[in-house]
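There are two complexes below, and they share chain A, which is joined by chain B in the first and by chain C in the second.
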Partner chain A sequence: MTENNIKIDISKIREILDKNNGARIRSWLSICSRCGLCAEACFFFLANDKNPKYAPAYKFQRTLGTLYKKKGKVDEAFLRECHDIAWGECTLCKRCSLYCPFGIDIAAMIAIVRSICFSQGLIPEGLARTLPNYEQFGNQMAVTVEDLVETCEWMAEEARDEIKNVTIPIDTSGAKYMYTINPREVMFYPQDLAMAAQIFTVAEESWTIPTTGWDCTNLAMYAGNKELAGKVVDAMYKKALELEVEAILITECGHAMRSAAYEGPYLANYRNGKPPVPIVHSVQLFYEYIRDGRIKIDPSKKIDLPVTYQDPCNVSRNAGLWEQGREIVRAICNDFRDMSPNRDHNHCCGGGGGFIPMGGPYRKRRMRSGRIKAEQIRATEAKIVISPCHNCYDQLNDLNKEYDLGVRVVSLKELIIETMVVPEHLKPNPESQNEEG
Partner chain B sequence: MNWDYAYDVLLSRGTWIAFSVFILGLLVRCVFLFGISLERDRPFYNHMDWTWGIKSIIRWLIPLGTKGWRQQPLFSLAVFLFHAIFLVLPFLLSAHNVLLQNAWGFSLPSISDSTADLLTIVFIISAALLMWRRIARPEVRFLSTWWDYTLLILSSLPFITGLLAYHQIGPYKVIIVLHLLSAELLLILLPFSKLAHMILYLFTRSFIGFEMGARRGARCW
Partner chain C sequence: MNCPICNNTINENETFCRKCAWSILRADNEPEQDYEERFKIAKKNWERLIACECEARYRHLHKEHKILFCTDLYASSDYAFKAAVDLARECDAELIIYHVLESRHRYSGQIITADGETWASKEVFDKLRTSLQKYYSAKLENQPAPKMRVEARSGIPWIEIVRMARKEKVDMIVMGPYSIRDPKNGFDLEKPRLGETAKQVSLRAPCPVAIVTSPDQRLSLEQQTSAGEEK
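Presenting the complex of A and B:
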């Protein structure tokens, strides 16, 4: 998609510029005093030997600033540069906003640059590939409803080897939580579903997996395709309303939370900016389970190896769940070592903002910019890194190999399963297991 | 050149023009921004929460009050002193208050001339630090435009010339004209330049306070 020559449609660029040209953008673009505090906040800047071209202030002035200055009259070379900056040099992690004295939301501006590039057919191949899948199947990996249901049944069966009575309810009306997932759980990591089912069973949760709107990821959002991104998130909202659930539950995925809870309502044109159904992230729910004793941790099973916690940007900084995540980790591990900086000031792992699905062409950069995270992890001397985010998970595994960190990367679910107490009445009967086997 | 005439004009008509442009300019800009914000900035209104907004504003006004400031403590202190003295000192100078008394028959409390001297010198040092930082730090030098340097110099000129004039260093008449000229130019440019952050700061900071705090329960400092 990016290799072919593109025909620039200036009217489309102008349309996007005009629509966004409000008080915030005008203020941000005009008052940035180029103090450079944002530079040291950015892991791209730090990982690239403090090359000033990676300073967030440069990135938005060079792209969106120039687009406004030139009123959209730009050439292909410039748009390609914008493309390169918006996807190759920024993961929209929003850390710079915390370091800007004016609180300029730089990520929001880079997101607009992405949508301008998209309007000209200029987006990374890896993201482009997922869009037809969302259009046709409602999820990024073209999983059919049959595949989803079959995998759920299969996984419920597997899970019953560990815990009695596990089921994965499909499309149950009136459930408390509509559990939305990342399609890679169905395609590549079905045990993720089995683990979730075990945890929910032990916690005696009322939950269901929907057959539409079940994919909470939103790569269309990262691709700058706002219209499709709106449809993706709206499908989820509509399904939740149809099933009359109390809340939408988001799997251990970072950007899904960003999409469902914060950007989604605007993408789907909800004027009040609020999702029609409350959004709850797994980190919050698991924290509540442990806090309220619905999941009990077996002290003898607690993890002894040193553990660190990777704050996914979209779970910690951008969803305020940094303490909840830590509380879970403290409950299940004996030797928790925090990275520095941490919590809302964590660095992006380098896999966010669509970087992981952008794949091969961006791999080298992803590994280079991930150096900051790799060094943070190494400094803790941890042997296990927990991250409640699929993109972090992939990136950390890649960094583990690239930088030879010698760590095991896990989700929260994995360690909760390893350490939780299974109540007597839910322990599988060994005989019936044999019969089934 | 008739310096006395220039001084008279700048003091009488000049101040009127400068303050009118300053106040009206800021007002018009704010009204304009408010107008376009109603449709295009829904997120600002949708998630309003003044507890978070005010926290977001105040935190960044306190020297070393945020992680970002603590990362560069000297810069944080220089910024604080630069802004605080810039905003307050002009109102507290006895020389200014004499002019105010003569023109409008009232004046504000003044500080002693020696305190004023000290504050002016602190201001000039802060400004020099800001300038030095702009040049010395590669990323800031890279980002800086000639306009950033110009505005920093222009903002410092009234203080430098004020100090020189008070101590009668250099050609007094020229310096006092420069003093008025630079201050008035600054007031005139303020609403239309990045210096409008004087007011817009309150809105951009509130927004990020609403966005992070009210929506996500997350800090932005």
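Presenting the complex of A and C:
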């Protein structure tokens, strides 16, 4: 599936339009009074000289509005414009909906436009390339089970240098949490697994990594392939039911939470809109660890450098975990400086909605619209930016270079590891290690 | 005080570390008895070392050796290649020639190749394997060549190198000290250094790592050291 050869199938467009032609979409399309409050809410609009073409109201009226008006009878040039708007000018961050007096969910409508573009074979290559991987390997980066298990063993070995008896349990039935991860952790950042294992060991958690349904990301959702997106999330639910875990734990990833907890049940046809197994995000769990004293922070190790917290849209605004994130940061840092605006009103980093995996072709735009986030960070004068989202992490690292911010970008895990108290009985004993080899 | 080698606590009335036996040499004022005791500890430690699990793993593998040579696609790693070939010949090992195409973003499948940024497709890997095979086979023409295999992957180089070494259970990794990221800013032989990949691999590898520098670099290292001493 590439962007180069497309054949427009109007009946498919009509099918998607008809399926979504309920009271919700109809009233949203007709009720929007073009008041422009959404425009100022959108970082694309702000970063692009307040060009009205970047106003969310324009974006959905121009695409979905026109599609309904023309009853799907559109040409290729128009669809390419839709493609450009749906992926290149919107990260589905939902900030505009907070400012809309009618509460119109513009992101939901752009998501429909993405589905329509997908049905015509028109999606960014970076996302298209992940789809066969989901089909064949069950994760977006074509990681084999063998690689996953071997990486877990490797990281458990490394983690034992820091903390005694660290193991990474695989496929353990009856564990409390099924820890689902981003394949990026296995491929590019295995230390993240080692850090998670250390935290869980210190907190004496019962957890396991599954060998199927372990990828909590869902780029099929962002690619507009709802059928595959449903399969991806259902594989995770099924595995959790099979292992009889109490909850699915999501790693520090934003859109994984949106997929698993909120959109997933609908994508996988759970009609009550609830996941069959409770979904817990790492931010919530780490907050509980610190609140309940299962992880103790060493006051002498608390971070003195100025720190700011990047609210990932899908963790803070869309999953309501903004205070939990801040509580953790306050517990581990002495000088916390909030960005402005913050919490549920925080701007998207500019890498969400599939923007980062869309890769090089979209890099320039990503850097340009990320200016808002870069300025927010610069204004705090922070030296460390914490973000509990892999996607923000990558975008912030890129922004750091592009705008010369001079900050260190970290995940929550990294700082928790740096500051937590390792109980005496878990400190590695070099003598016995020598003997074990 | 704590032992400077292993951080073990040393009691005030003792002259050496009872855990790692500290120095190899005997100090001038060291009593005969202490030195002998130290010697005993060192011997016991060595027995422990060769009996350890990893050694046992390698003993079982001694039938077939594997040398992992990591190339950075620049002629500067030829010195490391020569060392790897010599080693492989010497111990009749299989030589794995390995290159990792670096991922531009830690998220997407895009990689950097000689032709610029592209997607990691089968064609890219096939092309790379073919050219590596050609380049290194040509070097071994008319010479007894060890058994060779060319492998390529994409990702973060040090992660993929350690992963490969673990997976193949190689006996040794041979690689150059650093590579260049930007071909426009080539090697600065005046400034010898150890790159991130070499650093991480040597710290985390499951086997010994040989880092082979070019004679030019060694020379500049000497110059730098002596310049540093003059100051």
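Keep in mind that, in the parts below, the second predicted complex is superposed on the first by the 428 of 437 C-alpha atoms of A that agree within 3 Å, B and C clash if a C-alpha of one lies under 4 Å from a C-alpha of the other, contacts with A are read in each partner's own complex, and residues count from 1 in each chain.
The criterion applied here is as follows: contacts are C-beta pairs under 8 Å (C-beta built on N, C-alpha and C of every residue); 3 or more make two chains touch, one makes a residue touch a chain.
Quick caveat, the model's predicted, so the values are computed rather than measured.
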(request) After lining both complexes up on chain A, report clash or fit for chain B versus chain C. (result) fit
(message) Taking the superposition on A as described, I'd like to know which of chain B and chain C A:N318 touches: first, second, both or neither.
(response) first
(message) A:I248 in the overlay: touching chain B, chain C, both, or neither? Say first, second, both or neither.
(response) neither
(request) Look at A:C389 in the shared chain and tell me whether it touches chain B only, chain C only, both, or neither; answer first, second, both or neither. (result) neither
(request) Considering only the touch criterion stated at the top, classify A:M358 as touching first (chain B), second (chain C), both, or neither. (result) second
(message) In the overlaid three-chain picture, which partner chain does A:E150 touch, first (chain B) or second (chain C), both, or neither?
(response) second
(request) Quick one: the Cα-centre angle at chain A between chain B and chain C, nearest 10 degrees, please. (result) 160
(request) For A:G126, select first, second, both or neither according to whether it touches chain B, chain C, the two together, or no partner. (result) second
(request) See if chain A has more residues touched by chain B or by chain C, and give me that chain. (result) B
(request) Examine A:A86 and indicate which partner it touches, taking first as chain B and second as chain C; both and neither are also allowed. (result) neither
(request) Give me, in Å and rounded to a whole number, the least C-alpha distance separating chain B from chain C in the superposition. (result) 27
(request) Would you pull the chain B residues touching chain A in the complex into a rising list? (result) 33-34, 36-37, 39-44, 46-47, 56, 60, 67-69, 71-72, 75, 79, 137-145, 148, 193-194, 196-197, 200-201, 203-205, 207-209, 211-212, 215-221
(message) Help me check something: in the complex, which residues belonging to chain A touch chain C?
(response) 125-126, 129-130, 141, 147, 150-151, 154, 158, 184, 187-190, 356-360, 390-391, 394, 398, 430-431, 434-437
(message) Help me check something: in the complex, which residues belonging to chain A touch chain B?
(response) 19-24, 26-28, 30-37, 39-41, 45, 50, 52-53, 55, 57-58, 61, 97-105, 261-262, 266, 271-274, 317-320, 341, 344-345
(request) Would you pull the chain C residues touching chain A in the complex into a rising list? (result) 6-8, 19, 45, 48, 51-55, 103-110, 117, 119, 155-156, 159, 162-163, 166-167, 204
